[in-house]
Amino acid sequence: MEIPAHFHFSHRRLVEFADTDLAGIMHFANFFRFVESAEHAFFRSLGYRVHTATGTEHEGWPRIEVSCKYLKPARFEQTLETCLRIEELRTSSLRYSFWLFVADEPTRSLVATGSCSIIHVQLDTGTHAIRKSPIPEGLRQCFESFVGPVSEQLQGKPPAIRTI
Amino acid sequence: MEIPAHFHFSHRRLVEFADTDLAGIMHFANFFRFVESAEHAFFRSLGYRVHTATGTEHEGWPRIEVSCKYLKPARFEQTLETCLRIEELRTSSLRYSFWLFVADEPTRSLVATGSCSIIHVQLDTGTHAIRKSPIPEGLRQCFESFVGPVSEQLQGKPPAIRTI
Amino acid sequence: MEIPAHFHFSHRRLVEFADTDLAGIMHFANFFRFVESAEHAFFRSLGYRVHTATGTEHEGWPRIEVSCKYLKPARFEQTLETCLRIEELRTSSLRYSFWLFVADEPTRSLVATGSCSIIHVQLDTGTHAIRKSPIPEGLRQCFESFVGPVSEQLQGKPPAIRTI
Amino acid sequence: MEIPAHFHFSHRRLVEFADTDLAGIMHFANFFRFVESAEHAFFRSLGYRVHTATGTEHEGWPRIEVSCKYLKPARFEQTLETCLRIEELRTSSLRYSFWLFVADEPTRSLVATGSCSIIHVQLDTGTHAIRKSPIPEGLRQCFESFVGPVSEQLQGKPPAIRTI
């Protein structure tokens, strides 16, 4: 298990009672809620909102694909630190990896890791039409400051995982 | 604890793993999800949907007030039967009581009971404007077939709890 | 709507994307998760945990009864401040009221208010036996510092709502 | 996208209001709840429970790894049919693929697909010890009736995806 030395963003959240299940640990689907919280906090830290609406025209970032490996249980009242790193940046989409650590342990155990591919879309909640849409200019520039220009990545250069 | 002999609707749903918490039982907030499932199935049984949208204009039934008494734990893989009875019908709103029984026990233990007051609204998801709106004619007639005319109830007649 | 000038505890939490529903606002059942988060943070602030386990013997605080009035919608990325006040303290149980305000508005709109009655129990997750149990001495003393001795309240004195 | 002609199990569940988010569609994390519901129904169909407890000794099936591709939104009041196929069977673990279709459409649109690797464990909720444990004999035989003997698969034979 390779863990990068640096991340692009990190975010803490407490495991609440309602996040657990009868096995006494956080329910596996709720890890994705923690990852989503971190992603949305990442967007806010860059001055952007992950979801906006004008009339029926919404802009948002639905998921294309997600995955998660579960390494250790997460328990009630542990604080988890979710760390994100953008791996691939494209015109309308990006893929980031995530790592969830137990924040309040000296050893900072890794409890889960995985990735999310998300796409920028315009969706009309009236007609249900959804179409992909280029990442807004300013936000793209923020992401490029982490992983380099989209153009390079689209030209078959090595993927965005780089030493930062 | 008085339990009516007859209900206006009943609906079954299984307690899933994700509904439980580390105390080994269904999380208290999830009982309201079961009640909502039953309410929406009630609407469907009458030929109506609890939420519709045309452009940014939504019609729906937000909650005004809810309450619940918890009598016994509900456990993983129990089937709960949620029984509803309309207690009060008004021009734009109604109040119903609910009872949740363990469906797959001969004794049909009562695990929880309470009530929900809900209101028919038109809400504009563009402007966020919400205004109450009379219950659609056909739906109101359905409800009146259970509890009698709205007009009687508005004139200070005894509330809609009646032998049915 | 009377709002007390002082509360016994307050706690902030962000409305996350996963807390909302297709009406564009926080789902009504999730308000109870926010209240529970505040309650558990209240316990932690007093040096206690709301749930502990030794083998199959758990100590916890299940709900006896809850209620909530919904006054305004709560929206994505609003921070809600949940304020608690103990209203009644008994040997094994207590009732508190809660108020949820929009924390990041100058006007601090009240979005919901209600109450929870909770009981201290010992539950055996092996046998499923549950029995009520006196509130642990130290914790009871903490609560009494807010609302006065249990003994007074049990003797039919006026309920614990008092100017503080 | 290759979809198998036959599945080992299928299970239907309605998209409830509480499953949706403000984008007007089912929240991405909730797809995993639907998959879990199907998995547990699969176990029940074979005469087994996915989670049992004797005192603090629990037997269960935590997730090792999950993934999901999202192809189309799932909407309120759609019935989804979740179809499962075991792909790999090992001594203590298995991996299955899943496909979620809109059940109440003639075209049966595929909305999502992915896989879950799960492991049979004994966990002690007192000590928090977790150790992997061979799949119980009878249950293993059920799974082998779908995909052939574990022994073959462990000897480097082609993976369990086969025409059935």
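Going by the order they are written in, the chains are A, B, C and D; count residues from 1 in each one.
Please note the rule applied: a residue touches a chain if its C-beta (ideal position, glycine included) is under 8 Å from a C-beta of that chain, and two chains touch if they have at least 3 such contacts.
Just so you know, these numbers come straight off a predicted model, no measurement behind them.
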Remotest chain, subunit B as reference, centres from CA atoms: A
Contact-richer chain pair (by C-beta pairs counted) among A-D and A-B: A-D
Cα-centroid distance, subunit A relative to subunit D, in whole angstrom: 24
Approximate Å spacing (C-alpha centroids) for the pair subunit B, subunit D: 32
Rounded Å distance, subunit A centre to subunit B centre (Cα mean): 36
Contacts with two or more other chains, residues of subunit A listed in rising order: 17-18, 22-25, 29, 33, 36, 51, 53, 76, 125
Interfacial residue positions of subunit C with respect to subunit B in the complex: 22-25, 28-30, 32-33, 36, 51, 58, 60, 62-70, 73, 123, 125, 128, 130
Footprint of subunit C on subunit D - complex, ascending: 17-18, 20-25, 27, 29, 53-56, 76, 125-126
Sites on subunit A touched by subunit C in the complex: 14, 16-18, 24, 33, 36-37, 40, 44, 49-51, 53, 76-77
